[in-house]
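Please read the structure below before turning to the comments.
Which chain is which? They are A, B and C, in the order written, and residues in each are numbered from 1.
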Amino acid sequence: MSNLPPYDLATLAVLLNAELVGNPNTKIHALATLKTANTGDLSFYHNSRYYTDLCETKASAVILSKNQATNYPGNKLLTDNPYICYARSSHLFKLEPSKEKAIAPSASIHASAKLGSNVAIGENVVIAQNVNIAKDVTVAANTVIEADVAIGEASRIEANVSIAHGVKIGKRAHIYAGVVIGSDGFGFAQEDDKYFKIAQLGSVIIGDDVEIGANTCIDRGALDDTVIGDGVKIDNQVQIAHNVEIGNDTVICGCSAIAGSVKIGRNCVIAGAVGIINHVEIADGVTVTAMSLVNQSIRESGSYSSGTGLSSTAEWKKNIVRFRQLDKLAKGLKKDK
Amino acid sequence: MSNLPPYDLATLAVLLNAELVGNPNTKIHALATLKTANTGDLSFYHNSRYYTDLCETKASAVILSKNQATNYPGNKLLTDNPYICYARSSHLFKLEPSKEKAIAPSASIHASAKLGSNVAIGENVVIAQNVNIAKDVTVAANTVIEADVAIGEASRIEANVSIAHGVKIGKRAHIYAGVVIGSDGFGFAQEDDKYFKIAQLGSVIIGDDVEIGANTCIDRGALDDTVIGDGVKIDNQVQIAHNVEIGNDTVICGCSAIAGSVKIGRNCVIAGAVGIINHVEIADGVTVTAMSLVNQSIRESGSYSSGTGLSSTAEWKKNIVRFRQLDKLAKGLKKDK
Amino acid sequence: MSNLPPYDLATLAVLLNAELVGNPNTKIHALATLKTANTGDLSFYHNSRYYTDLCETKASAVILSKNQATNYPGNKLLTDNPYICYARSSHLFKLEPSKEKAIAPSASIHASAKLGSNVAIGENVVIAQNVNIAKDVTVAANTVIEADVAIGEASRIEANVSIAHGVKIGKRAHIYAGVVIGSDGFGFAQEDDKYFKIAQLGSVIIGDDVEIGANTCIDRGALDDTVIGDGVKIDNQVQIAHNVEIGNDTVICGCSAIAGSVKIGRNCVIAGAVGIINHVEIADGVTVTAMSLVNQSIRESGSYSSGTGLSSTAEWKKNIVRFRQLDKLAKGLKKDK
């Protein structure tokens, strides 16, 4: 069975473990949304918001749930969870340009480094002493891996990444371009008006199946390590300070800033541009909505928010004057009663 | 006519298409603000806030508007828009160290890549298969350009940039150091408590005359492309998620975070550190002020804001307690009536 | 006296200028927190919040203040400021893998560049014309230093850093991976609906003893320079726009965004994810708490804040509706009286 498009719809049904209704010989060349799909495309329906698009789609076949089957007369792949089925199918249509599984001649690899089988090391990659790269790992061009780093099986490191000494990364990690892992934590002791640097003696430990988005930074610990659990997904430009601990299967969206020694539980969702002050603890199963400031620990699962919502600037200017008077207004109100 | 300072004032008048009043032989060596200017400097006056500086300036000549001409007795260049005239003049005084228009011997360029005439490729640049670099393009040292990327005429890519496969960049782009374009969008399907990666099959399409600031990230689309219009100016450390579309001549200031599938119109100004949640649409001609959260679509042009304004921390602590009581306070108020 | 662990406690007392009470032959292998310490570890006690940990610690010795000496019966090092003493001790236990003090053969160093004695230049580093690197400087792999840059004695530049032409950096700087210094400021003149680029003719001047965290960006000035004072400590992913001036010994935490021409005084603390709008001035000795927006100048030292504090999302949704009505509510209140 080929792993390259186009696919017969019958082949896709097998690969995706879905029930085929319709013409098994339909040729599928690509994936597309219901709205943009044309002949030769497979699409998916997972949310009633897109019902009109489903009715009007030109897709040659649609993934949808068994209980929605009667809503679509055309060729279809029926499944319990259409969004997961779409996610699985997406990998069948990925046509990434092949990279040679080879070690580029311009890579600088220290003699003491250990490389597993089937690794690919790009141009100008620098690998220092005692680094341990497991089998099937890919390291893209111009990435720097300092001494004593370990990278687990089938992990993929993109271009221009910097990984400082002693960092440990698990299996199947995907680390995007420009990421910095293991930079010193931001620790100083104040003496009079000057700041005296505290050496950062800990490291960074990253579990299996972790994704770390472009230009994200994860600092090494001061004494203990910074720890990222298994299955954690981190988006672009996230800042994770020293000694943060993140529980398994937690998601952190772009541009969030997590200060030192924060502990986040399992299965949390930290939305984009959230700030979390230092030493805060967050329970399992917490959602924090976009751009909220977490300035206290969160002990119970649930959804939390801060901010004012959006107004026209003219109205906002009036309301922020009142916000500054809020305590006085409230006290006046109580006195009146 | 020389394109290097010093210039005669008469030469500058011609180059800037301005009306000269004063001594045409005045030698101008540099540009400076009214306040810091000295003999040999050209300055500019565009805002009445700087009127005192205009009266006291030691500049050898000043750019100002025709209707302000009588406010300054010295040598002057008169023009309709002094700020634009200053902007044009700034390029005449730029003395950037010349870079050799050459291909560095340490650059790794795939045999299938196509390079136009007069390109400059820096040390350790990596250019993969089927990349197409048009004429007059400059790529600074240690930048990585993956397979199937196209870069238009006269674009300039600075150091340590990472451009992933298939990204298309227009003419006269300026892409600053550390930028990452075409990294995977942050897309997962949740199955029980685990996240399953959705392959990101789209790309990033960037128009002409676009500026992208240092360490900014623009992710590739999930199915369709992420699209940046002509003339868009993006500052440093901006995050642009998958399938975002930005209309022509929109400005996005530093550290703003734009979530997936957001559509921003033309001629908008998104100030610094703004957050925009996913699937929001923003009309043409919208301004969002600094650090606002856009958590709903904006259908009409105008200026929008969120946040509370700044207070002393002591007062703020009292007011945020009242903010949490706001709905109760307001309800109490209505009951009283 | 060895500078490598393990140390006798007596040796540590001398190196740290502390008073030893207990067994001078105690062998100390590592530093640890009171909670995680075991036999062979030195710990420290500086905050009554950790009193229980002090009582239960398994550390072989503890650093504490003279007036707390009676609270701990074990081996101890007495000092006036235990946190500073811990900071000093941390450097004694730092076992960073040694880097060769050498110039890597793959580094590209222009013939006109000047390198002091005892410098270390990593693989694929690019150093352009007229760069001046003082003695004892370390530059890690894949960093790019453009023309006319000067770097002072004993400074340390990590991997994948980009320093643009003409930037001046003082002594003992520590610049972490992915930093971009001297990128163009974000300056445009608007003409009709288009933006016309203003050449950025200034540079960046950085004092002595400055720390600049991973992926931080500092832009060059438009006409004058961007200036970072002595002893300034900047965390990861901070954005410093053109013509910002930062006074000596000021601290700026992760992800803060500082817009153009902002002036920050000495000995300020700008917490994480703060935004500061352009042209604002901040006095000496000011603290701004996490994620605040500074939208006006701050003339007096003290602590300042903005934001609403965190609520459950359900309560928050009610309160932000009321926030939008705040001016009307307050006016109604006044009318009632």
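Details
Just so it is clear, a residue touches a chain if its C-beta (ideal position, glycine included) is under 8 Å from a C-beta of that chain, and two chains touch if they have at least 3 such contacts.
Chains and their UniProt names: A, B, C = UDP-3-O-acylglucosamine N-acyltransferase.
Values in this document were obtained by computation on a predicted structure and should not be read as measured data.
Counting the residue numbers that touch the partner chain, chain A and chain B have less than half of them in common.
Fitting chain B to chain C on Cα positions gives a rotation angle of 120°, stated in steps of 5.
Chain A and chain B have CA centres that are 26 Å apart. Counting only residues that touch two or more partner chains, chain B has 106, 124, 142, 160, 178, 215, 237, 255, 273, 307-309, 311, 321, 323, 326, 329, 333. Considering their complex, residues 30-33, 36, 81, 83-84, 86-88, 90-91, 93-94, 96-97, 104, 106, 122-124, 140-142, 158-160, 174, 176-178, 211, 213-215, 231, 233, 235-237, 249, 251, 253-255, 266-267, 271-273, 290-291, 307-314, 316-317, 320-321, 323-324, 326-327, 329-330, 333, 337 of chain C touch chain A.
Chain B meets chain A in the complex at residues 106, 108, 124, 126, 128-130, 142, 144, 146-148, 160-162, 164-166, 178, 180, 183-184, 186, 188-189, 191, 193-201, 215, 217, 219, 222-224, 237, 239, 241, 255, 257, 259, 273, 275, 277, 287, 289, 292-296, 298, 302-309, 311, 315, 318-319, 321-323, 325-326, 329, 332-333, 336.
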